[in-house]
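Note that the chains are named A, B, C, D, E and F in the order they appear, and that numbering of residues resets to 1 at the start of each chain.
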Amino acid sequence: MLAHLPILQVIVPLMAAPACLILSRPKLVWLFTLLVSTITFFISIFLLQQVMSTGTVSYELGGWSPPWGIEYRIDKLNAFIALIISGVSTVVLLAAQTSIEKEIPENKQTLFYILYLLSLTGMLGIVTTGDAFNVFVFLEISSLSAYSLIALGKDRRALWASFQYLIMGTIGATFILIGIGLMYQMTGTLNMVDLAARLPEVAETRTVTTAYVFFIIGVCLKLALFPLHFWLPNAYTYAPSIVTTFFAATSTKVAAYLLIRFTFSIFGVSFSFTTLPMETLFLALGLLGIFVASTVAIYQQNVKHVFAYSSVAQIGYMIVGFSMSTHAGLSAMLLHMFNHALMKGALFLALGAVMYRIGSTRIDDFRGLGRQMPLTMAAIVIGGLSLIGVPLTVGFVSKWYLVTAAIDKGWWPVAGLVLLGSLLAVVYVWRIVETAYFKTPITGKDPVKEAPMAFLLPVWMLVLANVYFGIDTRMTVEVATGAAQSLFGVAP
Amino acid sequence: MIIAATLAVLVVMILAIIRAVVGPSLYDRILAVNMFGTKTVLLIALLGFVMGRPEFLDIAMVYALINFVSVIGVLRLSDAFNAKHNGPVAEPAKRDS
Amino acid sequence: MRYKINLSIVLALFWLLNSGHYTYLILALGAVSIAIVVFITHRMDVVDHESQSINLSLTAPKFGIWLAKEIVVANLTVIKHIWLGNKSISPTVITVKASQKTDVGKVIYANSITLTPGTVALGLVGNEIMVHALIRENIEALESGDMDRRVSQLENS
Amino acid sequence: MFAVVMLAGIYGLVCASFFVAMDAVDVAFTEASIGAGISTLLMLTTVAMTGRTDHEATHKPLMAFVAVIVTGGLLIYGTFDMPYFGSADAPVHQHVGPHYIYDSIQEIGVPNMVTSVLASYRGFDTFGEVTVIFTAGIGVLALLSVARRPEDDAVMEAINDSMHEKHLILRIVIKTMIPFIVLYAFYVQFHGDYGPGGGFQAGVIFAAGIILYAMLFGLGAARRVITQPVVQMLSALGVLVYGSVGLVSMLNGGSFLDYNVLAADPIAGQHLGILLIELGVGLTVASVMIIIFYSFVGRSQFQKANKGELL
Amino acid sequence: MTMILGLYNYWIVIVLMMIGFYIIIAHGHLIKKIVGLNIFQISVFIFYISLGKVDGGTAPIWQEGIILYSNPLPHVLILTAIVVGIATTALGLALTVRIKEAYGSVNEDEIQAMDNQVMASQEKEPQQC
Amino acid sequence: MDTVLTLLSSFCLLFGSFLCLSGGVGILRFPDFYTRMHAVGVTDTLAAAMILIGLMLQNPDLLVIIKLMMILLMTLFISPAASHALGQAAVLNKLQPLINMNINPLEEDTSAGDKSSKS
């Protein structure tokens, strides 16, 4: 059975989803979903171990050898991302039942869990597959479930946000489809390894350049890279808390993964960064993203909005790491992907707890929460510190690697700008802290109780992970640098 | 001959599109679309012969079917619209014979 | 029950004619499919005398041939008027009586009217069919009651 | 709005004819039933539910125009180095494709190469596709499902009864046709190996039959024939059937979806596998299409009941 | 000249694609946006299918005596993509219906204006929820 | 025998094409919806039948002939129902037919709309 792990990781949640429909009782379904997610989590741990020790694992679906059949191919990079996804999903699900019971009508709860599982399936499928078209199919599974999950939010604006996301997401997916089509046209293959082997022959053609550009634009739409980000804040803000947490922690990682996979493994560094001016372009977009989004975040009235814009800014950091096209830069990016998942997971889940208690995440409603919900607010503070990049948190680790990578590359101003960006984060995090701890609560309001255990446990798990991986960086750094190394070495 | 027939059908399809665009009433459009659909059935049948593989007539049958379903769908839905301001049925003139 | 058996036979014929592949597997699948179809249609309650309007009697082919002839003639008339232009047409709406007893008969009558170009059945209420005709002559042909009589014959047989 | 939607439907039809001309018979089949049929119908339903008035000014045309010109220009630029249309020495016809064309008949034994590739070589893509459809069904259900109130059903039924009288001709014609449509769906389902067709097309045709019934006899009647819980179960069952074929082949010692191990003889195994997964596809597609249709129409009846204006 | 003859097909597809793309971006009506999306996607499908065509080839269904077939792989991909397309369309339309219920409008600008209004009112009177 | 078949088939196809084209012209030329329905009726019945019969004569394969027959039957079965439904819907929604005034003085008031003046 061990040989089947790569596929099991995807089909376990996939097959669990329709099975949920048969179970149908929400509470039962929740337990089942949690169980499934835990199983995937363990599978991804096994896989990561396996990949770290023995190298890339390949799995031939249907027993057809690669260029003809579909191949699953696990290397360090995607094992790492899959671990992030399944891990976050499992932790988030711990709190799901409590939160969902309050935010979603009962007759839709089962459907919620099914969609959640499908979304998980989609993301894991994108990450593990070694076939370009299969990426598109799973991308659509994850996107379609994402649209519906976001639309389940209570606020009517959730619908509009979801619609906008649907339009942008579909345009993005279609662009990706065009990109894949052009690549296919020039090489006649869809398998990633095969593509990587055959693309250099035709790399000079204008068609391949176009293919790359389309693919990148499509991915950047999904990634919510700075000028294409406008669907993200509202989608995150009005979605149910659990959904926000899950997506904030994972979905942009998946898009970032695609960006890395296609740029480094398929087109190759030399093509992407020497034939095309991707370096400057991505650097500019990344930095602009950091500053504009952070600045906008400062002026937001809704804490979810604040952190959503902060996510856009964090994507900027990742892209800055990406644009360096060096081993160190890429490691920093991968580290930040992991770390960002931890901090955004903690923050949004804590916000979910706030939502659970006071039914709103507007900043004015945070007054006095510091005393009323001490544990939740403490989690937000630590998460915020991590976002800023204070030492002893994961945020520091990734900023450190990013800055050193920039210096290695000789980009001093970039290093400075990255640090400057952190200052903006200080401002928006401080606003929340100030409101929660130093402003008097609105009089006449019922005192708010601390969040229930179901929230505190996963929130603090994530917060402690924030601190733990901020101190003990061996595992994450090893994996991230290993993955980066394999990308700069031969194609996977 | 088959080519000629194909061309004729194509021309008629274009004429139908013109009517569908021009209108003027909703029913003219539906009529044109319906006609377009039935002509597509013929076109597919002809195309199969043009391509030298006439076995694929199943597609044409599905076309006929789907076309019918859509026309009925359109009518049902337009019924739903107009039913609100629906007066008595226009009386036909009765002729003594 | 009789209708269901009839339906099954017709469906089996339909399958065999369409299929073109007569392996055991396909035939068995066909049999299962027919069973499912009959079950579904039973649930839909659409298997009754109305759905089996085509009686395979001797008059049916005769009617078919007559109708085909009518259709050809009518087509030519309409074509003539298409090319002659709008001046030559005299659109009319009238109501004709349908003397058939059953709904099915009326429907066959109305459809036959529609099938012959130049006349379109616009409405069927009670036993009156509202007909729109392209030219006056068409109406006269209809009012002579030839078609009505033939459909009635078909019904009675 | 009606015109816009219908023109979109026409576009679907034109494209489908084009697909036939391009030898893509299976695609044409699907596009005809899905693109031109179901999606047009859904759009019309939505138009009916949202009102067809169209008081809007086209806004930001300049920005859109620029975006379009840039993207289109880029694409045109990309075409310059493409192999010419139809040329046989394009990479596409050199590398992977020939294997499917020349070896699939030995390896799988199914004349329709599209079915071979779809169900076997790239069977996992198809599994993903079934999941996509399932996701859409669940998504639509999550968005539109409403608690049914029996009194609304009764009112709707009365309305539908009056419809029957009004549509005598349609009623009889459709009654006669429905068994054939449904049987035809099965025919398409089981002849996908030999000609164009297969699970998707069959599913859609089956759903079209049910939709036709529902349109004439009312949603309530259709829901009595195929109840909502049943159709939901079936949609799940389809995905499970597909997945189980994969799991069984895994247990038999092959990899996921390796049909060779399903029977003693690989060709027989492939046949069995393809038959079963096509069944799974058909089940899911049909039931999801029905779910979607039920949800839309159910919602519109709910809206009307809420507004107090029933048709 | 050979270039025009060899590539005209793609150019037509691109023009169609861009029409769809334009409709998506430029039109404020939600259903029109979805129609645009449909046109855009179908055009991409045509593009794929054109890739698979071989001059003189026929439909990839094996038959005694025929040697030249068109490439079946793009057909398979597009079958998948068509299904994905209808899934997206269905979901988009379902969302449109819900938006109409919630906002009373299916016009992008109006909806955006309503949202902005809500936001603005919240900023002015922070006490209100 | 073969030449006879080819000739017959060519005749059928050509005649069908002519009918089809005439129908197409009709749908553009006729003055109102109801009259246009007749033009469509032409293309749906005899034109379709002629083209399909022409095709049948071209092909000796029995299965193909059967399928073509099925298509023909289906067209003949469906098209009157569709036309009728369309016409009925138009009548129910009070789309006034253009009626020759000489015959129907009763209908004068309804047909005196702007449409009749165009014709």
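Basically, a contact is a pair of C-beta atoms (placed from the backbone, for glycine too) under 8 Å apart; a residue touches a chain by one contact, two chains touch by 3 or more.
Worth saying up front: this structure is predicted, and the values here are computed from it rather than measured.
Chains making contact with chain A as well as with chain B: D, E.
Seen from the C-alpha centroid of chain C, the farthest chain centroid is that of A. Across all inter-chain contacts, the pair with the most C-beta pairs is D-E.
Distance from the chain C centre to the chain E centre is 40 Å, each centre being the mean of its Cα atoms. Centroids of chain C and chain F (each the mean of its C-alpha atoms) stand 16 Å apart. We define each chain's centre as the mean of its Cα atoms; on that basis chain B and chain F are separated by 10 Å.
Between chain A and chain F the centroid-to-centroid distance comes to 59 Å (mean Cα coordinates, whole Å). Counting partners per residue, chain A has 133, 137, 140, 144, 147-148, 151, 178, 184-185, 190 as the residues that reach two or more other chains. Residues of chain B found to touch two or more other chains are 30, 51, 55-56, 58, 61, 65, 68, 72, 78, 89, 93. Under the contact definition stated at the top, the residues of chain C that touch 2 or more other chains are 18, 20, 93, 110-111, 121-124, 130.
The touching residues of chain E, when paired with chain B in their complex, are 58-59, 61, 63. Within the complex formed with chain E, the residues of chain D that make contact are 1, 4-5, 8, 11-12, 15, 18-19, 22-27, 30-31, 34-35, 38-39, 42-43, 45-47, 49-51, 54-61, 63-65, 67-68, 71-72, 75-76, 79-80, 82, 84-88, 90, 92-93, 96-97, 100-101, 104-105, 111-114, 116-118, 122, 125-126, 128-129, 132-133, 135-136, 139-140, 143-144, 194-196, 200, 285, 292, 295-296, 299-300, 303. Those residues of chain C that touch chain F in the complex are listed here as 17-18, 20, 71-72, 75, 78-79, 82-83, 85-86, 89-93, 110-112, 114-124, 130, 132, 134, 136. Considering their complex, residues 7, 11, 14-15, 18-21, 26, 29-30, 33-34, 36-38, 40-41, 43-44, 46-48, 50-54, 103-104, 106-107, 110-111, 121, 124 of chain C touch chain D.
Contacts from chain F toward chain C in the complex involve residues 19, 22-23, 25-26, 29-32, 34-35, 37-39, 41-42, 45-47, 63, 66-67, 70, 76, 79-81, 83-84, 87-88, 90-92, 97-100, 102-104, 107, 119.
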